[in-house]
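What follows is a pair of complexes built around chain A, which joins chain B in one and chain C in the other.
Our next item is the complex of A and B:
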């Protein structure tokens, strides 16, 4: 079963890749976009640090590492998650979601791994580069254990993002004209550009427990930059599992309410 | 005669768009929250960084006031044409609008104004609420407040025209959104969102004064708060007027060549 799903996802990915190479001019434009977006983001952080030594206790290098993680995750989400899930919203609105349900694979799989926006690979690569360069400047000694912890925390962060996104998408079964999920998600995700410690108490709680952006950028960045990892490090896997389970249950519940478009 | 017909057409388009968007007010509100959340991030950051002192003349209260005004100005000068016009160019839904006796961008303008108007019913309470919670000290500069209105109108115009230009890139490429992303991230840095232009380091500040981004959002705020005075104020308004004309010229040029290309593709 898993092997078959992997093959199907692989076929979708290859077709996305072929489509991408049909528009090579756009690809070039996208690389420029990634570089300039990153440049202005770094510029913003540097502007802030021309007036201060630390931001919420984070140094320039640490904050740039966090920015690298933000750009990386943002690119990852834009490449692997949002295209498929956004398609679901369109299909439910148009009624073509019926065809997804008729296919002999789980609807959740098709809803999550059908479309890929390959060009966002430039964001992923650039995010990783920024993280690498910032870390080199920080002179943190990476132990095997530390790297493992970082990768695990990053995976938790991505899982949480997926869960939030899936839950937001599922709303389409009730509100057919659900707003552009990408817009809503990015709206709150923007707060992840800066360490959570910057925000006032109530906002910090909100970004940890209600819309858990803290686990996506701040917590992995704490682990990798050698800052004292907060207790949130140990909560991250729990939150990831709980949100994933809750989101998939919500999806199945929403799916049972689907009544197609024209009826 | 022709003018009054255009105006009558525009006002009925505006009423139609208002009625339409009002149906989707919750969705519109979620979009509108962008212009609340982003300024709050930088309001929080700068009021932490500045502490009890000041940065380039901005105290903690000044930063708070700046970003509160920023919320209103960035909403009122927002360009949404890349989300409204570009898709209709790409899908061919523009065609029927080309047959109407009114330039399609009148409709885009009506949609732009309707979007802002519908959102005001949510945003004004939020702005007032935040102002009451944060209570920044205000020392009104009456000349600035008077000149804020024309500066704001020019900012909204530049923004609309440039936004439309980026939307019209859809005549040539399928990814006009990428170019818009670039423009937006430059506006973030140079337009006064990441920091008020006076707080930017020297070379960025010089770039911001010349480039159009500041004149789509940051400049009207600086005018309203009395941050630009005398020669700087007059010069800034002149540059803003210059960019309004330049944006209008770019708009006309792009429309003329774009619409030819649209026909040629046969979409």
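Our next item is the complex of A and C:
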């Protein structure tokens, strides 16, 4: 089953590559866009630190590490998640989602791993570079355990983002037009550029428990930059599993509603 | 042999938001929506045998597409039963979905910016086709649909007809045993409609696939399906041979005369209902049973130069079916 799904995802990925190469000019423009975005983001952080030594208790190097993680995750999400999930929204509106349901493959798989925005690979690479350079300047010694913990936390963060986005996408089965939902998602997601400690108390709670962006960047960054890991480290896997389960259940509920209510 | 498609008392109701036109009604509908239940499919029963081509007829909104969606597993019914190849469609089992296809003339699944061949390769992976089976299917479809030059061009550069051919091929690569075709010829010019029809006939003859198709074009139904199922407002009005439909709802013949000289219209009206008349050409509609006798009398009594006897056009027949229901 896994092998079969991997082959299917591979076939879709190849098509995505070919689609991308059909528009080479686009490809070039997107790399420039990545570099410019990153430049502005780093510039912003550096400007803040000309006025202060620490930001919410984070040093410049630590904050830049966190920014690297943000750019990395952002690129990962933009490359692997949002294209497929956004396509679902379009297809439900256009009526071509029926073709997805006609395939002898679980609909959730096709909804999640069918479209890829290949050129966002530049964000992923740049994010990793920023993280690497910032960490080198921090002089933290990475133990095998530390790396493992960081990767696990990053995976939890990505899983949480996927779960939230899947749940928001599922709303399409009720409301058909949910483009605004993506905007709301991005609004919250962008708060992940900075450590959660910079935000006021109420927003911190919101970003930890309601819209858990804290687990996407702050928590992995704490682990990798040698800051005292908060208790949130141990909560991350729990939140990841719970949100994933809840989101997939919600998806199946929405899908069954779609197949029973539409014409 | 058991039926490929078996439908028993199938019912599908669904809710639609109901509101009057205008901004005020729009605003009101944001806060409170009124819902109205529509009976899209209302107690339908029929069977389709293996290898049969059945035409599904009905005006817009009659419930044809809803019925096809129920049978292809896209919708859950409100009540009733259906099996397709022994499976309950809406359980959406993998074995079921691998053996059927739904092709909708108005909706496309091909990648817009890529050649159709790339969509084929994706479908190959999705359906888990072996290389040999895939090549065999492509060869068959390329032959039947004359696809040679179409498959390597980006889909956006194809004409509507070419795109439809490629869509058909993409939906048939996995050699489905049951085909649901929803308006496969819609929007195509007459020549291309004819090509698609020829394809469906030959595909049916070559593979023995069972085909249920809907169409607006009577020519499609006439050319493809001996048997038709007529529905309107979700109810099944007729199920049987196309010829039987004509006998039951429009048991007429149209006799067209070319006259040697103009005659008084009243003289012609004595033979039947005058459909059209000009100087020397007159069409008269008469009961099928009496057509022979009427023709003989006309030949004896009128200055006939030429004469033809025809079945009424199918559009007229269908119109009669729905008209009779309403009156």
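Following the convention adopted for this analysis, the second predicted complex is superposed on the first by the 256 of 263 C-alpha atoms of A that agree within 3 Å, B and C clash if a C-alpha of one lies under 4 Å from a C-alpha of the other, contacts with A are read in each partner's own complex, and residues count from 1 in each chain.
The rule is short, and it goes like this: contacts are C-beta pairs under 8 Å (C-beta built on N, C-alpha and C of every residue); 3 or more make two chains touch, one makes a residue touch a chain.
Remember, it's a predicted structure, so these values are computed and weren't measured experimentally.
K.L.:
Using the touch definition from the top, say if A:94 reaches chain B (first), chain C (second), both or neither.
P.N.:
Second partner only, chain C.
K.L.:
Of chain B and chain C, which one contacts the greater number of residues in chain A?
P.N.:
Touching more of chain A: B.
K.L.:
For A:226, decide between first (touching chain B), second (touching chain C), both and neither.
P.N.:
A:226 sits against neither chain B nor chain C.
K.L.:
Based on the superposed arrangement, let me know which partner A:41 touches: chain B (first), chain C (second), both, or neither?
P.N.:
first
K.L.:
May I ask you to decide whether A:26 touches chain B, chain C, both, or neither, giving the answer as first, second, both or neither?
P.N.:
The answer is first: A:26 touches chain B but not chain C.
K.L.:
Counting only touches as set out at the top, which of chain B and chain C does A:11 meet: first, second, both, neither?
P.N.:
Second partner only, chain C.
K.L.:
Look at A:193 in the shared chain and tell me whether it touches chain B only, chain C only, both, or neither; answer first, second, both or neither.
P.N.:
A:193 sits against chain B, while chain C stays out of touch.
K.L.:
Considering only touches as defined above, state whether A:137 meets chain B (first), chain C (second), both or neither.
P.N.:
Touch status of A:137: no partner.
K.L.:
Does the superposition put A:259 against chain B (first), chain C (second), both, or neither?
P.N.:
So A:259 only meets chain C here.
K.L.:
Could you tell me if A:237 is touching chain B, chain C, both of them or neither one (first, second, both, neither)?
P.N.:
After superposing on A, A:237 lies clear of both chain B and chain C.
K.L.:
Touching chain B in one complex and chain C in the other: list those residues of chain A.
P.N.:
Touching chain B and chain C on chain A: residues 23.
K.L.:
Which chain C residues qualify as touching chain A in the complex?
P.N.:
Touching chain A: residues 12, 14-16, 38, 40, 65-66, 69, 72-76, 90, 92, 94-98, 100-102, 104, 107-109, 111, 113-114, 118-119, 121-122, 124-128, 154 of chain C.
K.L.:
Name, in rising order, each residue of chain B that touches chain A in their complex.
P.N.:
24, 26-27, 30-31, 33-34, 37-38, 41, 44-46, 48-50, 55, 173-175, 178-179, 181-182, 185-186, 188-189, 194-195, 199-201, 204
K.L.:
Any idea which chain A residues touch chain B in the complex?
P.N.:
Chain A residues touching chain B: 23, 25-26, 29-30, 32-33, 36-37, 40-41, 43-44, 47-48, 50-52, 55-56, 177-180, 183-184, 187-188, 190-191, 193-194, 198-200, 203.
K.L.:
Would you tell me which residues of chain A are touching chain C in their complex?
P.N.:
4, 7-8, 10-12, 14-15, 18-19, 22-23, 94-96, 98-99, 101-105, 256, 259-263
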